[in-house]
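Paired with chain B in one complex and with chain C in the other, chain A is shared by the two complexes that follow.
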Partner chain A sequence: MSRRTKLPAWADIGLIPLINVLLAFLSAGVVVALIGESPLEAVQVLIRGAFGYDEGVGYTLYYTTNFIFTGLAVAVAFHAGLFNIGGEGQAYIGGLGVGLICLALDHLLPWWALLPLAIIAGSLFGAAWAFIPGYLQAYRGSHVVITTIMFNFIASALMVYLLVNVLIQPGSMSPETRAIAPESTLPLMHEIFEFLGIKITQTPLNLSIFVALLACLFVWVLIWKTRWGYAIRMIGFNESAAVYSGINPKRMVVIAMMISGSLAGLVAINEVMGAQERVGLDFVSGAGFTGIAVALMGRNHPLGIIIASLLFGALFQGGAELAFEFSTITRDLVVVIQGLVILFCGALAYMMRGPLERLFAALSRSNQEEG
Partner chain B sequence: MEFSVQLISALDSTLRLAAPLVLCAMAGLFSERSGIVDIGLEGKMLAGAFAAAAVTAVTGSVWLGLLAAILVSIMMALLHGFACITHRGDQVVSGLAINILAAGLTVVLGIAWFRRGGQTPSLGSDERFGPLTWPLSESLSDVPLLGPVYTELLSGHNLLVYVALMAVPMTAWIVFKTRFGLRLRAVGENPQAVDTAGISVAWLRYRAVIMAGLLCGLAGAYLSIALGAGFIKDMSAGKGYIALAALIFGKWRPYPALFACLLFGFLEAVATRMQGVQLPVVGEIDVQLMQALPYILTVILLAGFIGRAIAPKAIGTPYSKDRA
Partner chain C sequence: MVTQTIQDPNRDPVSYSIQLAKINKHFGAVKANVDVDLNVVKGEIHAIVGENGAGKSTLMSILYGFYEADSGSIYVDGEAVRINDSKRAIELGIGMVHQHFMLVDNFTVLENIVLGAEGSWSLTSSLYKARNKLQAISDQYGLNVDLDAVVSQLPVGLQQRVEILKALYRDAKILILDEPTGVLTPQEVDQLFAILKTLKSQGVSVLLITHKLQEVIAISDQVSVMRAGAMVATVKTSETSREALAELMVGRKVLLRVDKHVANPGKTLLQVDSLTWHDETDVPRLDDVSFKVKAGEIVGVAGVSGNGQTELLGLLSGMLDVQQGQINIEGICIDAQHQMTPKQIRHLGVGHVAEDRHRNGMVGAFSAEETAIMGFQDEPEFNGKILQNRLAITEHCKSLMNTFDVRPADPDLKSASFSGGNQQKLCIAREMNVSPKVLLVGQPTRGVDIGAIEFIHQQIVSLRDQGSAVLVVSVELEEILSLCDRVLVMSEGRIVGNVLASETDARSLGLMMSSSRSGDQMVQQGSQS
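Moving on to the complex of A and B:
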């Protein structure tokens, strides 16, 4: 690589990811065209559905909240050179932590006193679920990708068991806990706005979006301003160099995985304590996997993750509107887009590098000849 | 007598449930032995299942359906190869992309083409691979012990179950007895050495992922036009990941992987029968525990508590000539 002309930094950081995202969306457009619908019309419906009216915006930001948490989770692990596919399971188990503490204390504490406890419980449970794969990777040599996949399935089985046999509301048929007392759930955004004297439509959007933004700040400080963050980036960049600078890579692998898992666990603050006000089956519904696309697209930077989460939030909300406008397109198109984003921004991330490098080399040559 | 009847019927469903696992595990074996991680078994199988059901529904021919499943699955495999071999992309990310793409595309295309909420039209009995009855199975069924084993357990499966079982010795032969197999294993352990010998690393690995595509296509066709009668959204339901677990559990070897697939198939077969049954000593065994058991066992194995599962050495690392 070093022998070739290097790309200017702006092309590396800005241009290549942009081209990759565009390729993903172009391919999605081809799929829509293949079905026989107009891609441009689909984009219009998506944008109108996501941002066109206040209810749409509410739902968009509600989905965005989940994706910020899972995107950050994947990104922290990525910085350490680890691929955490287990966000789905860690978020699910995080829900157990949030659910247990809310159900235990909801008649005693108001939401603002319960929130810090729930954040601690959710992140502890998520971290615990990520600890085992992290420990096994560091000390027993089993690959974190495989173990986190397995732990997603184990989490799912465990939660079904607990919800059906232990946590189920007595007398109820559906496998979910009782509802958390209303005064202990997070205020919904329309309630906050009503308090300020502004009327907006009720959506599941709640206070946890601010928790998500704080988590972004936390990750930024952690990764770029702390000793741990330095160690995390170091083991991801060059493990043997990390050892020489006095870092214990095994310990840092476990720590990075636990931080990653705790961020994923915070999805439950949005879903369990905010939107659904109970622990239900499959409340994560794929957010853990969307987090991978978000992290890849956002280049593992909190700012990029906010933008990518907003995009995917808009896709999920706008995608729900597709079915109303087209007889042949449903929200499943968003799953296709997600797959394409992971493909182009992740697996094929370097595809455009070679051609671009040649292009820039040719440009600089012709400049020199003129000059 | 009662017990042996139950056991034979449980083993019978074990074979039925294990068949797609066996095909996918052998697919993964080819790919991973060549050094390419394949978590995309699930997606290739799902895409194959959709292609098989869609083409069979339109043409009425199971054979065209089977062919379509194989072709589509190989195309997905080639995409994986394009990303991981040609462009040296991350193999796990690429596999995941294939799984998510398959989950989305099968439903999007299914709704657009058939307008049944993502399902394909249900297939009649002549549009599926039906049971093959072995010779003399009627007359032999009264023979004690061996009779039921022959008629119930061995005879009466569809063609693809037998294909799955034959895929194992075939895989073992190709991987361990042919020149291609020797090179395949070499490229998964030490690609530099293979390259030095003047053999193309990329072409070997491409052939390995094509084999994986072929076998996953068979598994997909099995799901939708042999076991089932049409495509249902997400019908692979994690089987690709169980097969991956079985491959690891079998330490990347054909026969131990087959054993793991049969074990996991047996667990699934027993899980449905055990619901509400009181066992001595342990009491009622929970279905969720039985479902999670393949994953738990694999994690324990990977952690090195029951033997050691050592992956091919070069697995997961893209090969480039200039990094000597």
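Moving on to the complex of A and C:
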């Protein structure tokens, strides 16, 4: 027995997340005001920084690419009822895969031949890193939230060890691999535009944003159009119904975690093969965690994830601008906003539902009384 | 909200404890209550019957303050009142016992009753005061429960008594009981009815929401019948009959007994030999269970829920692993060494209508067509190389909906949006569509309307007549008796009775259901196969 009137679909999918994001920004505005700056001015700087000129747009989309990958990773796990907080570590280990294959073959293959191999390597390494928590969850009952957090630390320690002791360029003091040969790295967007005869400023934005969009399509098809997606959603909604239907939930948990990990691993395509052209320390820099906010805000749907990633990409880029323009505001404000978005879109996602439902009920009632 | 003041000239303000006048409530386009009037005489047991979706629950929710009516008025003891939340309802002396108990399992009876009505910051002193007050209530109404027992350890009948005590502790003068007998044995039902009669004699008005017409006849003073949101009749119980009530509920004549020929059993299709099963805490759930089901017969498993029926269905369908004993399906043996997955068992020709469709049989968030392929999701007809064949899935669902008259026939609608009867019809259609050799049916008509019950029973009988072996697990004795050819009675994980349905009745089944508790011998009646 539900005691509420149902909301129309557009309000449920579109309006509620929008209101939640606005509330998050409103709260962030209060924080800005408390610091002593004008929130209105801050918003202007932020938007101008993110979208106002081609370099800003480039950076915004570059960040967006990472967030799409990690957002999709969180979403796939979420459909299976799993909360994968290990995107950070899976992306980091994915970087190891992408780095190794690029460094091994970069003088032999051009980028377009290397890209599919790098995608396979990155996803395999990410999947392998997610396999262990997935297996432990399914067959040993260790909660995936706890194990994925721990695996982030293990990944970090492992990569520090490898970068400092094994993969470091001989004679270098900096814990990173040698650079990948230029002909084997992904073309940057300004190079592509130049080829088309348009001149734009150089940014780290590269071809991998298209890989990210393809990944969105892949996830959409996987989750809603295949029997594996059917099984993933079924264990997410109702595990005992899955048992009834002859689906092995344990096996599906492991598979879902591995798909999730492989998507996170693709962050390395953008970072290692595209932007940084090497494996460096902590190249994921929080994208794995931002993916959680992205998936929450995007309601675990690829389309929503693209929009949410764009928002967070803009926040990261505009936030940097903000820190540059205002001496009192640091980049940490972005973290504050990110936290507020998680708070409003995740923890308080249903806070606005009650009032909205009452509003819609009142509106439909008054309509009927008129009619 | 619009409050109309309706003065009924015939209204006598003293003799009615509750009056509802012209109550209207709609949800979007659905009119849940249309101009509903209800007058409950003080100190009477007033039954409200109707099919699922007839508006009984909405009406009670309005009375208990979950919803507010769009229009109409409520009078309690002759006073016009506005009930906007359940706190207000409780203040007015209205108490509600929900179908699914609202108890904290690991609290004691006393703690459960006091919860939410502590009355002071010190729990010790309020518990002390409550104990005294409850003692008085128990004495007055003859409701004996050990106040210090932990609720989870009480049998269901006593838990229900705790719910009633909870309401009386809050000084309820009007008690609403929503489907109170669903989980009780016939003996526990008798005890409940004795309690209700005592309450009645003490001046408490009882509103009984139910779909079991024989109970309405047995206990109530007045009956109101709802259909499609409207109150279609209010009659004195002594002046009506089950058949008349059923006809009022459905709007047409209804067959209460299943129309079927005598069974003509063929060869054994399902055989179970000394099946024993322990749960993870090593409590025996099934104890040396053996029986046979032959082609062309319907065997019913009767028993109070929680006596091993769920585990039996789980083992037969492959959802649980066999530990001891064996299952034979047309000569193919499943035992501890030869386990089979639900998928393999399905491929042997076993259909399984899950006992609890919300838990197993369907996924509420799935569209109907997705629910319609559960268990068959890997079949080649529904899959291309990579993608699911959505066209085939939709067509499949449409054809199931047609043959089983599922309404609305919309494959895209969320499974949870269908009424209980239509959900069940879809689940049964899915399992019967492949003409299984063995059909396992758990609670075939739980939460299903009378009209749909008739239909579901007919389908099960026609499957039997085509030569399938059917095993029906149900807690509704009436259903077991009218649908099945042979009845197995389960109690505490054992089969304690094996009788022909035509040679027994609810009373003797009820006795068997509780017999093993006193260590009685297995009851044998009629010819055993």
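In the analysis below, the second predicted complex is superposed on the first by the 359 of 371 C-alpha atoms of A that agree within 3 Å, B and C clash if a C-alpha of one lies under 4 Å from a C-alpha of the other, contacts with A are read in each partner's own complex, and residues count from 1 in each chain.
The rule we apply is simple: a contact is a pair of C-beta atoms (placed from the backbone, for glycine too) under 8 Å apart; a residue touches a chain by one contact, two chains touch by 3 or more.
Only a predicted model underlies this, so the values are computations on that prediction, with no experimental measurement involved.
Touch criterion met: A:347 reaches chain B, while chain C stays clear of it. Of the two partner chains placed by the overlay, only chain B lies in contact with A:154; chain C stays clear of it. By the touch criterion stated above, A:330 is placed in contact with chain B alone, chain C being left untouched. After overlaying the two complexes on the shared chain, residue contacts for A:85 are found with chain B alone; chain C is out of touch. Contacts of A:295 after superposition on the shared chain: neither chain B nor chain C is touched. Taking chain A as the reference chain, the count of touched residues is higher for B when chain B and chain C are set side by side. Contacts of chain A with chain B, set against its contacts with chain C after fitting on chain A, share not one residue. For chain A in complex with chain C, the touching residues are 1, 3, 5-6, 221, 225-227, 230-231, 233-234, 237-238, 240-241, 243-248, 364-365. If you check the complex, the residues on chain B that touch chain A are 37, 39, 79, 82-84, 87-94, 96-105, 107-109, 111-112, 115, 118, 238, 241, 244-245, 248, 286, 288-289, 291-292, 295-296, 298-299, 302-304, 309, 311. Per the touch definition, chain A reaches chain B in the complex via residues 31, 35-36, 83, 85, 132, 136, 140-143, 145-147, 149-151, 153-154, 157-158, 160-161, 164-165, 289, 292, 296, 327-330, 332-340, 342-343, 346-351.
In the complex of the two chains, the chain C residues touching chain A come out as 27-28, 57, 61, 66-67, 70, 317-319, 341-343, 346, 352, 354, 359-366, 370, 374-375, 377-378, 382-383, 386-388, 390.
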